[in-house]
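Structures follow.
Shared between the two complexes below is subunit A, which has subunit B as its partner in the first and subunit C in the second.
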Partner chain A sequence: MEKILELNHITKSYEDGINVIEGLNLSVNKGELVTLLGPSGCGKTTLLRMIGGFDLPNSGEILLHGEDIGQLPPDKRPINTVFQKYALFPFLNIYDNIAFGLRQKKMDKDLIRQKVKHALTVVDLEGFEKRSVDSLSGGQQQRVAVARAIVNEPEILLLDEPLSALDHKMRLEMQAEIRSMHDNLGMTFIYVTHDQEEAMNLSDRIVVMANGVIQQEGVPEEIYDHPANIFVADFIGVSNIFTGVVTEKRRARFAGRTFKTNTELDAGTRIEAMIRPENVEIRPAGEGAIDAVVTGDIYKGTHHEITAEFGKYEVTANGKKKLEIGSTIGIDFPGEAIHLMPHDMDMNVFEGVVNDDGSADFTYFSLAPDAEFLKNAAAGTKIAVSFEPSDADLSDDPEAGFVTGNIDTIMYIGDHYTYIVRGDNEEEYYADDDWLWNMGDRVSVVVPQDKFRYRELP
Partner chain B sequence: MRFKRSMLSIPYIVFLIIFVMAPLAVVVVFAFTNGSGHFTFENFFGFFRSSRTIATLIYSLFVALVTTVVCLLLAYPTAYALARSGFKKKNILLLLAIVPMWINFTLRITALKEVLDFLEGNLAYYPFLNTIIGQVYDFLPFMILPLFTVFDEMDKSLLEAGRDLGADRKSLFFSVVLPLSMPGIVSGITMVFLPAMTNYVVLDMLYNSTYIMGSLIGSYFNAYDWHNGSMISAILLLIIVIFSSIGKQKDQNSTIVTPVSPSP
Partner chain C sequence: MRKKKLFPTVWLVLIYAFLYLPIVLLAFYSFTDASMIGQVRGFSLKNYRTLFTTPDLQSMIIGTLVLALVVGVLSTVLGTFGAIGAFYSKKKGRTIIEAMNQVPVVNADVVTGFSVCILLVVVFGVDKDTYIPLVAGQMALCTPFVYLQVMPALTQMDHRIYEAALDLYCTPAQAVFKVLLRQLAPAIGSGFFTAVTLSMDDYFVTTYTKPAVFDTISTYTVNATKGAQTEVKTALWALSAIIFFIAVAVVVAANVRGKEENP
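This part shows the complex of A and B:
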C-alpha cells in the first residue's frame, strides 16, 4: 500500500519544557481511516494539530508523499480539518462557508457553485445554501463542517473529535455516515477521539496513545483481543487484569492460582494477565477453578454484568442469567482467552507504618529498627518496603527470616529457581534460591538488612 | 398584602418616570410650544430654515466623523495587540489604556491644553486640529473597550479554520478577523460618534469658538430660549435613535458589553 503520510521522530514540547510528544513515528496509508485514540492529555490532539500545521514540531519530520511539510503553515498544506466545535463562520451563510476555501484559491464562480452543490449532496444537506449557521442543529453544523473541508479535495482530512458535542444516538448515526463518506470519497481520514467505542466502529486502524507515546497500533480486533499492555487493555473495553508470573511453559500464576495458557513467554517473566468478561466462564459453585462470591449484578440488556470476589481479587463476568448477590459461583478462565502481557513491575512491595521506637509494622510482618531510614523517619510515617527476589534467600529455620510461609510455586529460570512463598494470609513473596525445595515446604524468607529498600508514601 | 415578584420593579419604574420619562416629556413639550405656551411647529422648521443651525449641524457631523475615524484607526490595532498579547495579565495592559477615564475630564483637557499650548505656541493657530486631538483623547477608551472585548473573545478555532482553508495572513484579516470584529466596530462607533457631536466642552476649553450642536443648545438655554434649545435636543435625539437602530440591525447577534456613554 502507498504511504501518504509519514511522521518521523516527532517531538513536541511546550514552553514549560515538558515533552507532550516524544520521538513519535507513525505512517498512514493512502485511503485509510486511522483513528488516534487515547485519554485527554495523551497528545493525540497535539499530533493532529501538527499534521494540520497549527502547531509545529520541535524536531522530526512530517512527510506528505515523501516531502517534508512539517514547518509549512496550514494554508500551504493540502490538508483540511473538521474542528471539534465545527468552527463555522457565523457571519457567512452555509453556501459561503463551504465556498470559503475555493474562493481563497480564486476559483471560477461557476465551478465553485458546482462544487459546493456537490459537497452539500455528499453531506445530505441539499437546499441549505441560504441558511444561516445559527439556524442549524448540531448535527447539521457538523455536516456543513465536513462539507466545507472535503469540498477542497484535500489529500488528508483531519477530524478532531467531531462528534463529541452530539448526543449518543446522533453520534452513532454520524459515525456510520462518516464511515460511508470515507468509503465513497476514497480520501484519507485521520480521526481523533477519546471514545473507544467510536474508534472501534469507524476505523481501519487504531493508534492508541498515552503520555505522548504510541502504545499500540492495529486493526480494531487486534487491539481488543491482543492489547500490547495493561494501559491498552484497560482503556479498550471492560477487562479483568491480574499481575503475576509465568511459572513454566504454557502456565502462568495470577489471582492466587496457576492457569494453563497458550503463552510462549519464558518462565519467570513477570506479566499482567487480561481476560475479557465475555470469556470468563460461570459455573455452579465448586465446578470452576475458583469459587467466588457474587457482589454485583447489573443488567445490560444483552447480558448480566456480574462482579464477584475471591480473596483480595475481584472479577467481572458476563452472565446469561440473574445471580443472587452473596451466592457462591464457580469461575473459570479458559486458557485460550487469557492474554498475557509482559510487565516490568515491582514484586515484593509491602506497605506499613513506622513506630515510635523506629521499628515498622507491615500488614503481615514487622521489621526491627535497624535501617538508617527507619531511625530517621518520624513515628506514624507511612512507608513502603521492597526487596529484589535475587537478594532474598530461603531458610528452614523459622527464626532466620522476617516472615514464614509455604513454598507454593517453583519456577526454574535458566540457571536458578524462583520460588513463590505463600504467607499465612495468602500474601506472596518471591525469592531466588540455589537450593532445591519441595512444594509445601515451610520456610522463612531471609533478606539482609541492607537489601531492603524503603520509601516514604504520600 | 402579599409580596409579588413584580413589585421588585417598582423602584426601577419610579426612577424611569422621574429621570427619563419626565425630562423627555418636558423637552418635547418645550420643543413644540412657543414663548406664550401655544403649540407650534415653528421651532422645528426654524431649525432647518436657519443656515446658522444647519452649518452647525454639518460642522458637528464633520467633527464627530473625523473623531470617530481617528479613534477607530488608533483603537483597532491597539485593541488587537492588547487582546492577542501573550502577556499573562493583559487586563493590566487594558487598564493602562483605560485609566485616563478615571481622571477628571476637565483636569485631563486642561493638562492637554497646556501641552498643546507649549507645542504649538498658541492654541488659536490650529483650532480644528486641537479639537480633534482633544476629542480623540477623550473618546479613545470607548472605542478600545468594545474592540478589545471582541478580540479577546474571538474564537481562535475560527482563525485556524481560515488558515486551514487556505487563507494567508492578509486574506485571513479581511475574510475572517474583520467580519468577526464588526460588532465591536459598530458599538465603538455608537459610543464615539454621537457623543462627539455634542461634546462642546472640549472645544470651549481648547478655544475653538466654532459651535457644535452641544454649544448651540447651550447658547439657547443661556439666552432663556428653552423652546428652540429643546427642539435642537429633540432633533439630536431623533438622529441618535435613527443611528442606533441602523447599528442594531447590522449587529443583531452581538453581545458586546459597551461602557456607559461619557458626558462632560
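This part shows the complex of A and C:
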C-alpha cells in the first residue's frame, strides 16, 4: 500500500501551554477512508485542522507523498475540507459555490462548467446550479459542501463531523452515500466523528483517540472485538467489563469466578475482561456458570437487552425472548468471546520533592509529613508517589481529599465505576468508586495516608 | 369580518398626521410663491429656481453631499475594520472596545464637537480651513454607528466560511475581501447609509469644526432662518421637500428590495 500521508511526532499545544496532542504518529494509505473517532475534546478536530493547514503543529512533521507540508498555509495544500455545518457561501448560488476553488485556480471557464456539472452529478444534485444556499435542505447543503470540495480533485478530502447537523435517518443515508462516493472517486478520505456507529459503518480503518493520544487503530472488526484498553472497549459499543487477574495459563479470574479464556498473558497479569452483550449466553437457571437475577429488559427491535445482577456485579446480555424482571437465569461467558486487556499500570504516579519539614511538594499538590517514608527522607530528595485506583475514593467535600478536579471519564467495570478525575492543570487521577457521579462533577480525591506508596527517584 | 376597533385607528391617524402634516404643508407651500406659511398664493416653481441658481445655496448643497460621502466612506472603512478587529480579539479586549464605542454613541454631539475642536484646533493647532477637524469630528460621530451595524452581522456569521475560502485556495487577504467583507456587505452598506445620514444631519460637530466659509445644510439653515432673508428661507422649503421625497424614495426602494430578497 502506498502511503499518502504520514504524521510524525506531532505535538500541538495552545497558548495556555496545555498539550492537546502529544507526540502523535499516524500514517494514511492512498485511497483509504480513515476515521478519527473519539469523544469531544480528544484532539481529533485539532488533528484534522493541522492536516488541512488551519492550525500549525508546534513540533513534528506532516508528510504528503514524503514532503513536509506541516507549515504550509491551507491554500498551498492539495487538500480540501468538508466543514462542520457546511460553511457554504450564502451570497453565492450553488454553481458559484462549487466553482469558487476552480476560479481561484484560474481554470478555463468551459472546463469549470464541465467540472461543476460533473460534481453535481456525483452528489446527485443535477439542475441545482441557480438555486440559493438558503433554499436547500440540510442534506442538500451537505452534498453541495462535498461537491465544492471534491470538484478540486484534492489528494485528500477532510470531513469534519459532516453529518452532525442531520437527523438520524438522513445521517444513515448520507453515510452510505459518502461511502459509495469514496469508492467511486478513489480519493483518500479522512473523516472525523464522535459517533462510533458512524465510524463502524463508514471506515476502512478507525483511529480511536482520547486525550490527544491514539488509543488504537484498526479495521472496525478489530476495534470492536479486540479493543486495546478499557477506554476503547467502553467507547465502542456496549460492553461488560470486569477487573481481574490471569490465574494460570488460559484461565482468568474475574466477577468472582474463574473462566477459561484464549489468553496468552502470563499468570499474575492484572487484566480487564470484556464480553460483548451479544456473546453472553443466557440459559435456564442453574445451567450456566453463574445464576443471575433479571433486573431489566428493554426491547431493541432485533433483540431484548437484558440486564441481570449477580452478587455485586451487573451484566448486560442480548436475549431472544422477553424475560420476567426478578426471575433467575443462568449466564455463561464463552471462553472465545472473553477479551482480556492488560491493566494499565502507569496511572496515578506523580513526581515531587521532599521539603525541610518532611512534607512533599508535587507538581499539582502537596502531601503532609505523615508518612514514615517522608519523615526519614532528606530534604530535597526527588521522589515519586503512587496509589491504586481501588484505594482512592471520591468526595464532594473539597477538603476531604489531597487534590480536587472534575470527573472527566466514567467507565463501568462490572461492580464499580472507574473514574478519571481531571485536575485543574489537566493532570489525571484514576479512582474507583461505588457511587455514580456525573461528568464534570467537582470532586476531591481521597486516599488514606497508608495507601500512598513512595519511592525515591534517582 | 371582525369589526375594526375605532380607537387604534384614530390614534394611528393622529400620530401619522403629527409626523407628516408639517412636512406635507412645507412641501405644499414650496410650490407656491407665498413668503409665509398661511398666505394664499398661486402655483410657482420660484423656490426651486432660487434653490438651484443661487451660488450660495448651490455650493452649500454640494458641500454637504461631498462631505457626507467622504465622511461616510472613511467612517465605514474605519468602523468595519474596527468591528472585525474587535470581534477577533480576546474577550477582554473586545469588552473594552465595545464599552469605549458606546460612549460617543450616548454622548451629546455638542460634547463630541467641542472636544474634537479643542483637541485638534487648540491643542494641536490644526487649521480649521484644512477641513481636517471637520472630517475628523464627523468621523468621531459616525464611526461608532458603523461599528454597531457591522458587529451583529459578524456575530451571526458562520466563521468557517473564512476558513472555507482559505481551503479553496484564497490567501488570507483574498479570503477577507472575497468572502468575509462580501458576507458583511449588507451590514456595511447600512452602516454607510447611517454615516451619510448622520453627517448630513449633524449640526453641533460641524459648527465647532468647520472652516468659516463652509456651510452644510444644517448650519446654513439654522443661520438663514434667524434673519429676514425671505427668498432664501422659502427656497429652503423646497430643499426640505426634496430631501423628504428622497428619503421616502430610499425607504420605499429598501423595502421593495427587502421583499424581493425574503419573499
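Just so it is clear, the second predicted complex is superposed on the first by the 343 of 458 C-alpha atoms of A that agree within 3 Å, B and C clash if a C-alpha of one lies under 4 Å from a C-alpha of the other, contacts with A are read in each partner's own complex, and residues count from 1 in each chain.
In this text, a residue touches a chain if its C-beta (ideal position, glycine included) is under 8 Å from a C-beta of that chain, and two chains touch if they have at least 3 such contacts.
None of the values given here were measured: they were computed from a predicted structure.
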* Using the superposition on subunit A, decide if subunit B and subunit C clash or fit. => clash
* To do: Name the contact category of A:Q84: first (subunit B only), second (subunit C only), both, or neither.
  => both
* Using the touch definition from the top, say if A:P39 reaches subunit B (first), subunit C (second), both or neither. => neither
* To do: Determine, under the contact definition given at the top, whether A:K105 touches first (subunit B), second (subunit C), both, or neither.
  => both
* **Partner chain(s) touched by A:P448 [first = subunit B, second = subunit C, both, neither]** => neither
* Scan A:N152 for contacts with subunit B and subunit C and give back first, second, both or neither. => both
* subunit B versus subunit C as contact partner of A:P398, first or second or both or neither -> neither
* Pick one for A:G311: touches subunit B only (first), subunit C only (second), both, or neither. => neither
* Pick out the shared contact residues on subunit A: the ones touching subunit B in one complex and subunit C in the other. => 52-54, 73-75, 80-81, 83-85, 87-91, 100-101, 104-105, 148-149, 152
* Residues of subunit A defined as touching subunit B within the complex -> 52-54, 73-75, 79-81, 83-85, 87-92, 100-101, 104-105, 134, 148-149, 152
* Structure fact -> Counting only contacts in the complex, subunit B reaches subunit A at residues 155, 157-158, 160-168, 171, 175-176, 179-180, 182, 253
* **Residues of subunit A touching subunit C in the complex** => 52-54, 73-75, 80-81, 83-85, 87-91, 100-101, 104-105, 148-149, 152
* Structure fact -> Listed in rising order, subunit C residues that touch subunit A in their complex are 158, 160-161, 163-172, 174, 179, 182-183, 185
